[in-house]
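Each of the next two complexes has chain A plus one more chain, namely chain B in the first and chain C in the second.
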Partner chain A sequence: MIKITTFYILAFFTLLTILILPFYIGGILYGSREFYERISFLDFLLGKEWSLPEQKYGALPAIYGTLIVAALALLIAMPISIGGAIALIEFLPKRLSDKLGIIVDLIAVIPSVVVGLWGLLALGPFLKNNLYSFLSENLSFIPLFQSSFFTSYNKLTASLVLAYMISPFALAVIKENLKLVPWSIKEAAYSLGLNHWEVVRVMLSYIKPGILAAFMIALGRAVAEAVAVSMVIGNTCSFSFSLLDPACTLSTLIINNFAEATGIEASALIGLGFVLFILALTLVILTRFIYIKALGGYLR
Partner chain B sequence: MKPKKLDRRKFLYAGLGATVAVIGGLAAYFAAKPPEKVVETVVQTQTQTQVQTVKETQVITVEKPKTVVKWPEKLLGGGATFINPLMQKWAYEFQRKIGFFGIDYQSIGSGQGIAKLKDQAVDFAGSDGPLKREDWEALKGVRGGVIHIPITLGADVAAFNLPVKELKLTQELVLKIFDGRIKKWNDEEMVTLNPELKDHDKGILVAYRADRSGTTFVWTDFLGKVSRDKYPTDFSFKIPDSEEDKKRFLGAKGNEGVTEAIKKTENSIGYIELSYAELNQLNHALIQNKRGNYVKASLESIGEAVQSVLENVKLPDPKDDWSKISLIRMDPPGEKAYPVISFSYILVYAENPTEKALALKEFLNWILREGQKYATELKGYIPLPPKAVEFSLKAVDLIR
Partner chain C sequence: MRRVKALFYSSLSLLCLLLLFIPLIWILVEATVRGGYYILERPLEFFTDIGRPPGIPGGGIGHALQGSLYLLAMALLIGAPLGTLTGIYTAERRNSIIAKISRFVSDVIVEFPTIIVGIVAYLTLASRITGIFNTGPAALIASFSLGLIMVPITARSVEATLISISNEIREGAYSLGLKDRQVLFRILIPIAKSGIVTALLIGLAKIAGESAPIIVSNGISNFWFSNWTEPAASIPVLIYVYGLSPFNEWQTLAWAASLILLLLVLGLGFLARMVTKEVWVRV
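== the complex of A and B ==
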């Protein structure tokens, strides 16, 4: 009897989270209805120009910016997180790794506005003077670093700030997963004569779903982060390929303009929110698909 | 076991105790509650021009018939973030010195403020610009229309980060820099005015407000005027169309953000409120005015600009369509007038409930007569010159 009651309660809450979703999507669509009367969703999604004063509403540059910045941030954050987690669990003495683990967890709770300010006031100017000047002077033959203007407001700063924000999350998830690798597996690996590094590789392949989960959390944050990114990215929507040029993302456009927007503009910004939702959803589905089909992963 | 018999006497005592507790509690509650907020004051209706208000605590000797005024608990306002610090100061000082009622101003942005005024959710709205034509038309018939009351002044400057101390710009040059047509500091047109820049072969980085703001509205109003409305006047800044030029444009949030961007980026120029340039000791450009003089923004040059406009141009009726009215477009004709200035407005309905109307008049009159001195005190605001105060006082008189 108790079991059945518990089941119903749990089922209710699970269903509730799922049932909220249609209301959420409905709310977004309702909020932007005024906008879709003016412009079709496809024109909006594939429009190349975003300019509020000229009433041009194209989401493509923002989608482009979001993808580039998020991809770069993940590219930086994932190896750091995996490496950091391995170091904490496998290589550092337990007392030290416990303390470092706490510090990493603390980094995760720094409010994004603080990280953004740090990026704006400290990291950005430092990188501009030391890294960007070097990149644009010596590596400008690579299109990624082509820029003749020295500024700290660009995609690379945004990605680095994002990477700093998301890696503690990914690291924590991977760390907990590594802790849970059964001793039997490690012992079996050692008994086959594998060295420490090879055992770690066995462990990593064992926790693939955990790494996927970490990746998803990091991805979600990287795509959606607005406050910190808007402070360092330069906020000029463009399709520039160079990482040293400014860009805009979906969430920064929303956060920058929503406070003062009314009417059609507010509507357009809610539309951007919908695009962001679709984008995140697509990325999550795509990640799972690649994970299962291409990497031969399995899901627990 | 036999259940205990209920003791009647105990019940009686308990009931009595409870009653006493309740009555005591109620008494304490009413004693602790502040007296009714409505303060009754006596307004002497004498022949003096200034309405005298006397607090009830004072001994009043009146010969003329007196009217008892009932103040509302508070006035609700909302809108522009630009005037927020000044408005909070006004609200605080007004409550401290006069204190008939409270003022609650929410800094939600001009657009939201006007939207709330439309919904009649606020008693007054603060706005960096006048009502748009369509808004004015929509509100023309509502409660006697909306009154524009200029309340303070703002000025945008072009702050820059260059090895030179002084930068002279014609209005045309300002436009060309901010719409992306002039790309380098040693452009020919720049060098003829500023010979020091001859060897400064660097790209111009333009910092702008990425968020919607009244500061941008003022600046784009200026760019719009110079370009004969080819450049759009809006609360958002329009970045150039070409991908190549976009690379030189950096968007930052808030006046603080743009200030920071200019400070941290060499060879940059951007528009900010005068106060931010002053507080952060950023150099700002001299802009050519109607008379052909190059003028730096300062309290004096802005004051002269407003005064010279008001002497030469007649402002429309406060209830009329103001959408085309801007100090920038009137092109201040003063000898040393700084050209990029604007009024900040308080927008109110002409017809209000009696209590609110009295309170609005009381508060707005106080702002215009006594409150202007706080504008200089707070830095970043420029007090209205006498002519403008005169105009605004007349506008306040239209409130009913």
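== the complex of A and C ==
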């Protein structure tokens, strides 16, 4: 007879937690079953149009939107996170930087819908009046700023909002990595007569894998974010190149339409969910390996 | 020249940090000014009434507060035991295979898009075609997804707390002849109490602001909570819907609700901070 001990019970609950991952994978496969029956996956993946009235459901515009907005957000967020982390670790006195660090952590817990609301009712209109009007009047010869729309809600607004949401996470990772730089490296650099900033550059090149890890974590979050982006991206699917045109992403299409969708549209939305799932799973697993490698087993 | 460059780049890094604070202040000020004014104007109505049809001033977020309370309580009921017990196991049997797999799984699902969690829960449980319970959008399904989202966060923080307890304490306890159960409940958990509370607060703060899984699995409701198999209103979804509406009154309500949500989430965050000094932006 097996005696049921405390740790068997704990192990049982741990197994339940482990089952969550197969549940997600199995659940999305099982749930999108209906979708494969109705639409060929390859046609769906390469479909160039998403339009309800014409009953055309192709994932390509949404994938394009997701990647463009995420890339732009990272382009904005990464330098700011690196700079912010350096300022916190190297240039500010410890007591002040501890306090400011707490505030940066606070940014990470602002609910995404609140950031979305800010983008929708405050940042968007502000940018439209101050920046977009200037760009479309004076710089419209550059294809990036050429737009037939004049709207507060476009790829640029979405990227800025997204950049703000992912920065604290990238910053936290870079900060932890900067803290791990061995004193011997810094001492060696100082002893060569480098000044403070040059030492920081040495440190940065030392933690390159950590910066990559921060990049991946931020990318994962940027791809996954749904609510805030859907509030400011304009939700018009197209392949337009201009930053001032509205767009759509995988998650914004889902969040906008999932509740009311029926029939083939619902199936197509589940298909989008499937694409997002694959994208996220790949990123998450890749990130984990990079992160562990970066910290050299620091995370066990 | 080198000195000028150093000065330039160090001020640039400080500027980067400053850039991160501007939107935070902007959000807080905007929510306080636009929303706080409304709350002060009609406090009773705001907390106890439901939304009005567009164009009619007034109304409140009572239904959303109530709905959020129900959703979070049920999510806590699902997620808290699972997360805590998993965390305890992975810490106390840290070299077992189960612990290693569970650590990997927690790391993977903690970064998972929450909207996918909502979709999976909806498709497998609630959907009229593929769901087991066949309820359609339902509050219980939303709670279930929120609970799942909370599990890995809680598990990892509980684990970290228990691991930080030094091994001598365990050795001492076992050498007195205490059983596993006694070591756990009389020694380790009392020591780790504040850490476990922090873990739960962090988990709660995370799911309190979630809106994507709720929108997907529970849909949108503008009424009082009626039944676990019906959609429930909640604060994040109310902000989403009212914010996107073209009506001024509703947008004001969205700001006021944001203020409440911010106070709740930041309050939970601060509380967690007070209980322990642990970093709570966990990767």
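Everything below uses one rule, namely that the second predicted complex is superposed on the first by the 249 of 300 C-alpha atoms of A that agree within 3 Å, B and C clash if a C-alpha of one lies under 4 Å from a C-alpha of the other, contacts with A are read in each partner's own complex, and residues count from 1 in each chain.
Here, a residue touches a chain if its C-beta (ideal position, glycine included) is under 8 Å from a C-beta of that chain, and two chains touch if they have at least 3 such contacts.
Computed from a prediction, not measured in an experiment: that's the story for all the values here.
Touch criterion met: A:E54 reaches chain B, while chain C stays clear of it. When both complexes are overlaid on chain A, the residue A:A259 reaches chain B and chain C alike. In the superposed model, A:Y24 lies in contact with chain C only, and not with chain B.
Contacts of A:T5 after superposition: chain C is touched, whereas chain B is not reached. By the document's definition of touching, of the two partners only chain B reaches A:S240; chain C does not. After overlaying the two complexes on the shared chain, residue contacts for A:L180 are found with neither chain B nor chain C. Once the two complexes are laid over each other on the shared chain, residue contacts for A:S167 go to chain C alone; chain B is not touched. Of the two partner chains placed around the shared chain by superposition, chain B and chain C are both touched by A:L121. Once the two structures are superposed, chain B and chain C can be ranked by residues of chain A touched, with C on top.
By the touch criterion defined above, A:T151 reaches chain B but does not reach chain C.
When both complexes are aligned on chain A by C-alpha atoms, chain A residues 120-121, 231, 259 touch chain B in the first and chain C in the second.
Across the complex, chain C meets chain A through its residues 2-3, 5-7, 9-10, 12-17, 19-21, 23-24, 26-27, 30-31, 81-83, 85-86, 88-90, 92-93, 98-99, 101-109, 111-117, 119-124, 127, 129-130, 137, 148, 151-152, 155, 179-181, 184, 205-206, 208-212, 215-216, 219-220, 236-237, 239-240, 243-244, 251, 254-255, 258, 261-262, 265-266, 269, 273, 279-281, 283. Residue ranges on chain A touching chain B, taken from their complex, read 49, 51-54, 120-121, 124-125, 128, 147-153, 230-231, 234-240, 242, 245-246, 248, 252, 256-257, 259-262, 265. Remark: chain B residues 108-112, 114-115, 203, 205, 210-213, 220, 232-239, 241, 243, 246-253, 257, 260-261, 264-268 touch chain A in the complex.
On chain A, the positions that touch chain C within their shared complex are 5-7, 9-11, 13-18, 20-21, 23-24, 27-28, 30-34, 79-84, 86-88, 90-92, 100, 102-118, 120-123, 164, 167-169, 171-173, 195-198, 200, 217, 220-221, 223-227, 231, 251, 254-255, 258-259, 270, 273, 276-277, 280-281, 284-285, 287-288, 291, 300.
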